[in-house]
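Just below is one structure, and these are the notes that go with it.
The letters A, B, C and D name the chains in turn, as written, and every chain counts its residues from 1.
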Amino acid sequence: MIAPSAYLLLSAILFGIGVVGVVARKNILIILMSVELMLNGVNVAFVAAGSYLGDTAGGVFAFMVMTVAAAEAAVGLALLIALYRLKETIDITELKVLKW
Amino acid sequence: MTGVALLDQHLLSVLIGLPLIGAALLLFFPREGNGAIRNFTLLVTVVEFLLSLSVVARFDVAAAGMQLVERVPWIPQYGISYIVGVDGISLWILMLTTFIMPITILSTWSAVAKNVKEFMVFMLVLETAMVGVFLATDLFLFYIFWELVLIPMYFLIGVWGGERRIYAAIKFFLYTFAGSVLMLVAIIALYFHHHAVTGVYTMDLMKLYELTIPVKLQLWLFAAFFLAFAFKVPMFPFHTWLPDAHVEAPTAGSVILAAVLLKMGTYGFLRFAMALFPVAAADWTPLIAVLAVIGIIYGALVAMVQKDVKKLVAYSSVSHLGFVMLGLFAFNLQGIEGAILQMVNHGISTGALFLIVGIIYERRHTRLISEFGGLAKVVPLFCFCFMVVTLSSIGVPGTNGFVGEFLILLGVFKVQKWFAVVAATGVIFAAVYMLWMFQRVMYGKITNEENLRLADMNGREVAYMLPLLLFILWIGVYPQPFLRRMDASVNAFVTRFEAKKQAALAGSPAGETVLVRYFDVKKGGAR
Amino acid sequence: MVNGILDYLWLVPALPLLGVVLNGAIALFAERPFLLREAGLPVPGGLGHGDASHGPSAHGTSAPLSGQHGASSAADSHGHGDSHGGHHETPAYRKLVAFLAPAVVGASFVVALLCVLSLASRPADGRTFVQILFPWIQAGSLLVPAALQLDALSSVMALVVTGVGFLIHVYSVGYMSHERAFARYFVCLNLFMFAMLTLVLANNYLLMFVGWEGVGLCSYLLIGFWYEKQSASDAGKKAFVVNRIGDFGVLLAMFLVFWTFGSLSFTEVFAKVPLLRESGVLTTGLATAITLLLFLGATGKSAQIPLYVWLPDAMEGPTPVSALIHAATMVTAGVYMVARSSALFLLAPDTMMVVAVIGAVTAIFSATIGICQTDIKRVLAYSTVSQLGYMFLACGVGAFTAAIFHLMTHAFFKALLFLGSGSVIHALSGEQDMRKMGGLKKYVPVTFATMFVATLAIAGIPGLSGFFSKDEILWQTFSSSHGSPVLWVVAALAAGITAFYMFRLVFLTFFGKSRMDPEVEKHAHESPWTMTVPLSILAILSVAGGWIGIPAVLGGSNLFEHWLAPVFHPVAAAGAHGAAAAGAHGASVPVHHPAALELGLMALSVGIALCGIGLAYFLYRVRTGKPAEIAKQWPTLYDVVYHKYYVDEFYEWAVIRRIVNVSTGLWQMFDALFIDGIVNGVADLVRSAGGRVRRLQGGVVGGYAFSLLAGAVLLVGYILYRSVVQ
Amino acid sequence: MTPIPFDKAALVQGLYSILPELVVIGTAIAVLLADLLLPERGKKSLCHLGIAGTAVAILAALSLGPGRIDGFSGMIVHDGVGLFITLTILATTLLTLLMATGYSEWEGTQKGEFYALLLFSAAGMLFMAKGTDLMTVFLGLETMSIPIYCLVGFHRDRMTSLEGALKYFLLGAFASGFLLYGIALIYSATGTTKIPAIAGMIGDLRLFGNPVFVAGVGLLLVGFAFKVSLVPFHMWTPDAYQGAPTVVTAFMAAGVKAAAFAALLRVTMLIFPALGPGMTNILWVLAFLTMTVGNLAALLQDNVKRMLAYSSIAHAGYILVGLVSVDVAGGQAALFYLLVYAFMNLGAFGVIMLLAHREDDGYDIGNFKGVGFRYPALGGLLTLFLVSLAGIPPTAGFIGKFYLFSAAVKNGYVGLAVLGVLNSAVSVYYYLRPVVYMYMLPAPGEVPVPRPPRTAFSLALCISAAAVLVLGLAPRSVLAFAERSILSLLM
């Protein structure tokens, strides 16, 4: 039996990787993935906590999060495609018409 | 209820409401029909004035407190209500407002050509706001009117003003707004302090008067009020918005600004800052007196070297208002009554001066003194009016200006000899800059061809100048009717002031409120 | 008790006021349109441009005010130009004014006279009548009624003012007959009478102050009457401002009086003096302060050093004005006030000293200036200053009676001198420079005769009014406890100089061969009766005026003295300590000086005066070239004196320039740069901050995400720190 | 093996508690279906359908009354706050739809999905506002956000629109990550996600000192802060607002703020007090930063739309001032201000929509020259709304600010109040700038003709104007309502 804190640590690491990805990367696709990574970190935390507390809610939440993640991904990709159609790029740094 | 009953029980509300209603009706006038619009506005203001006369008629000379009071709960759960009333302090300033208004309207006949409709609407809204300021005895209501004044004035300057009008308008707005927002915080603080002490939420000035406020809190609240009012007066270092505003504003704007808006500041000091925070007021007196005296001399000196007549008059206002402030902070009967009278006087004579300037401006489209000279010959009637107004502004005995200044200086002399002495020199300077200006404009030979065939004042101009001249002489020769109606209230003010001061200094039930703690802890060494 | 005529005392000032109103109406509704039409200007509301007869054609030749050739010294000169141009079309309103203006003043003289008589009929100690008209200003303990007071002192003043005033009004009708702004002139003149009478009849300081500033205002208006002339309007302004400086003193004095005595009315204040004196409230220091401030006012109004500078310039006004305001009445207001406040002055020996010295110095100082002046009116102006100096000298030595006495006689002969000079100027089409006169006595006999009498009077030739009053002053200066021989010497010297320059004036003007340019000479003519009659009356007064004050030593029973006694003596009696009392009594019978001494001094002073006359005769009749030589011998001295010791220039440089520069500095440096700099600076600061904050919004998502992350880290970090670590 | 008992009553109550949401969702679906059936020219009636639906929803909400109704075993609750915010949101939606009638015509958003998305996100807002379980709140938040991402990018052939959408989306997803992680941590620390339950446990200090929990709350706050765009989590706001179709901008500014603040309110009211002064200090700083940065950045904007975006940031700051002082006065002030803000903000956007007469560069302030006297009604309305936004009497904006700041003063945050009023003084400068252009600067040539307002559109403007004035002059009943709501939340 591994201590729950270990799971939390794992989730934290996952989340952190995701965060760094979002901040650091230019490619929109990769940023999307990093976001997914963050959410997965969250899921780990939920599941771990749920099982540790012997509460099913945690697992349920994980599923909800996945669903939401999916929905977000859908919208994200749609926007991505629209962008590509318009500017033929998926480099986030290209997006700076709007500023100041 | 019938109209009579309405007037009978809600006279003051009617006074506040009438111009607003007039403005509302005005919106339905066709934009083209300037004549109709003007006449209608004039009618409204005249009716307003007549109604305000009945306030004087019904005013009880003996009563010290608020009269013709009306109170309607407004936001009862927070003790905010619509309370209006008039007493000896506000009576004449109210009258000044309603009196100057028709005159101003009449003066715009030919001066304002574009967007007459909007102009008149703003004028009427402005009148409502001003009357409201002087009648409101609920702090919240007062603040609302106080701020409401800014908007129409902002438009009057910004839309119908001279070439740097936008700068002037924004400067005027921000200057005064920035000053008054802090007062809002102070009002709130006072309100909660009252609740903390008495357990009652109220904005009713009369109730707040009864409150004894711990000294440190007083000092801070007074500071906030001081800013708001000092900006408005304007007192010496805060005056720079005034010349710009005056120079850029249209004649009517300048007249209202000088005659009424500036009085809002001095009135505010008397009605709120001094009455609510006596100890602080007393503490601040040296500072304020010094500023006032500096203002008197400074304003006079700077006025002397102005090239633009309007600017000159603007700076002279700084000087005159300095007298008023000095009088108020003498805290004795002569000083305060003199100050109140001087508010009215300044309203009349400076208002008249701006009208005078407006008259030549309309004809020559310049206000530079150097453009004129020798006018006396071509426009004798104008010269006569100008002379009388000038004399009243100098404070020659027999004109209103003298009575006010004399009482003020007399009052100040009792408490602060040297301030009075220095201030009195201002009387000399006043003569210098006014007469010099008068000489350069009216006397000498006509040097400028364009002035050779100037038209003298026409019937309309005489019509609105005459009442002003009459009052200049009346107040100068027989000020009793005016002074008598102030007596009771001012007396009460002075006595209450002393009493409250003692109470606060005795440190009577302070009420350890959040605020008191706030200031004691954070700004400990306030004194 | 029934006061009879006294109840109509209010008519005395009221009548001139009536004149103001009526003439004002005429000026406004008849004269203004008329003049505008003549100048060919539109008359708003009026009947538009006049019929062809007036209008440009008429206004070429017409009056000073109408134009191109301007008011400038044509001011007085228009006479003949006009006898063709302006005359035949004299509109009716002028006749009306010409009647009304003098009439009201005459009427008020009559009323005043009656009042004074009925006052005289009372016992000496009951000769104070107060009439309260209405409550004027009331604020708290301050109760100032508009009330008139007629007592010995004010009755003298009232009579002088209304009497001389009436004569000068009549004179003006003739003198100004060609003046365009005829009605306006008389409005001002009547207004002046009203103000002056308010001044002398007021029963409290505040109301007196109203008259005080009122006369100042009128003098401003009348000096600048020909406002198209730069020098005239300048002079007017100067007069007003300088007087304001004095008024400043009076104002403060009133404050002190009020907060000391709790009242401003003469009767109450003076009644309280002994009491407060006992109780020690009214210290000598306080009395000195009050009186010095009052005297500051007096120096302004009565043109004493250092504030005398306005009076000579005031000669820019029409000559009758100079006679009325700047010789006979207004300028003596200061003396009146000091005399009125004698009760207070007597308590302040220091002030008395100051008054005496300043009086004496002014007397001699301005007398010397008088020597070199060439403008006939300016000579008279400086002589006025110096005569006023005498009066103050008298006050200073406690001889208030003498002061008032001289005030009265001076009013007669100085008015006469001015009117005479006016007549001369009138005859010479506006020439005022004595170097361009001479030999006039055959042209203007009446003027010459009357003026000569006045000159004798002012020179102090025994038997004439001037002699008695001046000699009284000299004697008091010598004998009174406040006086001193030194002052006597100064005063006597001044008397001599006076005699000198006055005769210089007469000789230059009326004797010798004509130095007039022929054009002028052709027109030289005696003035109309409206002018000569007043001259003659004044001449009589200048002779006989003094006889009511013949001192005991000359076997006279100083009536004047006794008349004024109730005003000055009770005061002296009350005025505590002996010196003051003696000083005041000194005015009556100088017991401790032998009559011989008095007579001796009298003779001596007359002698000095005669020397002056002789010198003048020698220089300007016998050796007419001499003055020029003297001038050459001491050029600098002559220059300095000729330029009035450069006092005006000094003031200009030391005061006016400074103030103007400072003000300009304040405005452009402090106001525009500093204060507004701060204001706009704050605004700019905020705006530029706005500009920077915007730039944070770089536009790149990475940056946004980073700021979000940073915020999150800080936030969580802080909250963890706060709630876990602590 | 007993069958799961079917508790009909609970279900009914649950459905009843979310009646308005149901109506809105139903309308959305109806719109989608109708879109299939209707011919091209009939599309505009879609909007009318939406309007009708929203109106019904409002009635439904009112029919529920202020009483407390728990639904779905405490996942969601209809209480005072719920009702107040519900009405605010529905009002926003209604006004938005009314304006959309016109806007869709000009900008070709005359599509079923447009309205459907609007309604869906409205439903999401409602859920978020009423959720008492962090999970519900999260779901509501997503249901709100995802449609809005789409709406922002609705002009998918216009770069600005797309860019705004992408930025908003990416950062939004990023932020919800934080939110979720916060929830997860809280869950793992407390074993529940129900706000009241957590509030119950707060008492014991173990929890207070528990870093997991505390960090969780912190992250939770970050998530909300992002949605209400508090500095420094605000970066997306100006870009998204500027890029989005203007109706959507108006909708977001008012609606999202209302929903997110409602959720934040529940959390702050119930949980923050336990965390001691630390949390308050954070809020204090956030409020200050948000007000100041928002106002300063807005100062020099020449694009009115972007200016209003920054101003909306500033307003988030003002509202937060109400939350800093965690008490009835503050909460009530915040609620009241949310409502007021909805009206004045929508009104302002509505007018500039008309004046701009085309998207993007149409919003340049230069276009407003000389409009005031040429089109008095529009000029007057815009002036009114701006004055109200600036918080000058006698408008609702003033009353709102007055209560926010008085709450702060009451609880001794005088400094914050002073900073607040000074900020509003600064803000006057940029709120008056359009006025200057409209009235004080002459038009270069002929004043560009504004878009012709349709009846519905003008109705929307009139409603907003009326609301701004009425709430300014007679706010007593609404204030009382707000107060009751907060009280109901606390008990």
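Note that in this section contacts are C-beta pairs under 8 Å (C-beta built on N, C-alpha and C of every residue); 3 or more make two chains touch, one makes a residue touch a chain.
Note that the structure is a prediction, hence the values are computed from the model and not measured.
The chain occupying the central position, as judged from C-alpha centroids, is B. Among the remaining chains, the Cα-based centre furthest from that of subunit D is the centre of C. When the interfaces A-C and A-D are ranked by how many C-beta pairs touch across them, A-D comes first.
In whole angstrom, the spacing between the mean C-alpha positions of subunit A and subunit C is 98. Centroid to centroid, with C-alpha atoms defining each point, subunit A and subunit D lie 26 Å apart.
Between the CA-based centres of subunit B and subunit D the separation comes to 43 Å, rounded to the whole angstrom. Here the spacing of subunit A and subunit B, counted between their Cα centres, is 64 Å.
Of all residues in subunit C, those that touch two or more other chains are 694, 697, 699, 701, 705.
Residue positions of subunit B touching 2 or more other chains: 174.
In subunit D, the residues that touch at least two other chains are 166-167, 170, 174, 238-239, 429.
A complete list of chain pairs in contact reads A-C, A-D, B-C, B-D, C-D.
Subunit D contributes residues 166-167, 170-171, 174-175, 178, 208-211, 214-215, 217-219, 221-222, 225-226, 232-233, 235-236, 238-239, 275-279, 281-282, 293, 296-301, 426, 429 to its touches with subunit C in the complex.
Those residues of subunit D whose C-beta lies close enough to touch subunit A in the complex are 135, 138-139, 142, 146, 149-150, 153, 156-157, 159-160, 162-167, 169-170, 173-174, 176-177, 180-181, 183-185, 187-188, 191, 193, 212, 238-239, 242-243. Per the touch definition, subunit C reaches subunit D in the complex via residues 686-687, 689-691, 693-694, 696-697, 699, 701, 703-705, 707-708, 710-712, 715-716, 718-720, 722-724. Listed in rising order, the residues of subunit A touching subunit D in the complex are 4, 8, 11, 15, 18-19, 22, 28, 31-32, 35, 38-39, 41-42, 45-46, 48-50, 52-53, 55, 57-58, 61, 64-65, 68, 71-72, 75-76, 78-80, 82-83, 85-87, 92, 95-99. Across the complex, subunit B is touched by residues 28, 32, 35-36, 39, 41-45, 65, 67, 70, 134-142, 206, 209-210, 212-214, 217, 220, 224, 227-228, 230, 233-234, 236-237, 240-241, 244-245, 247-248, 251-252, 254-256, 258-259, 659-660, 662-664, 666-667, 671, 675-676, 679, 683 of subunit C.
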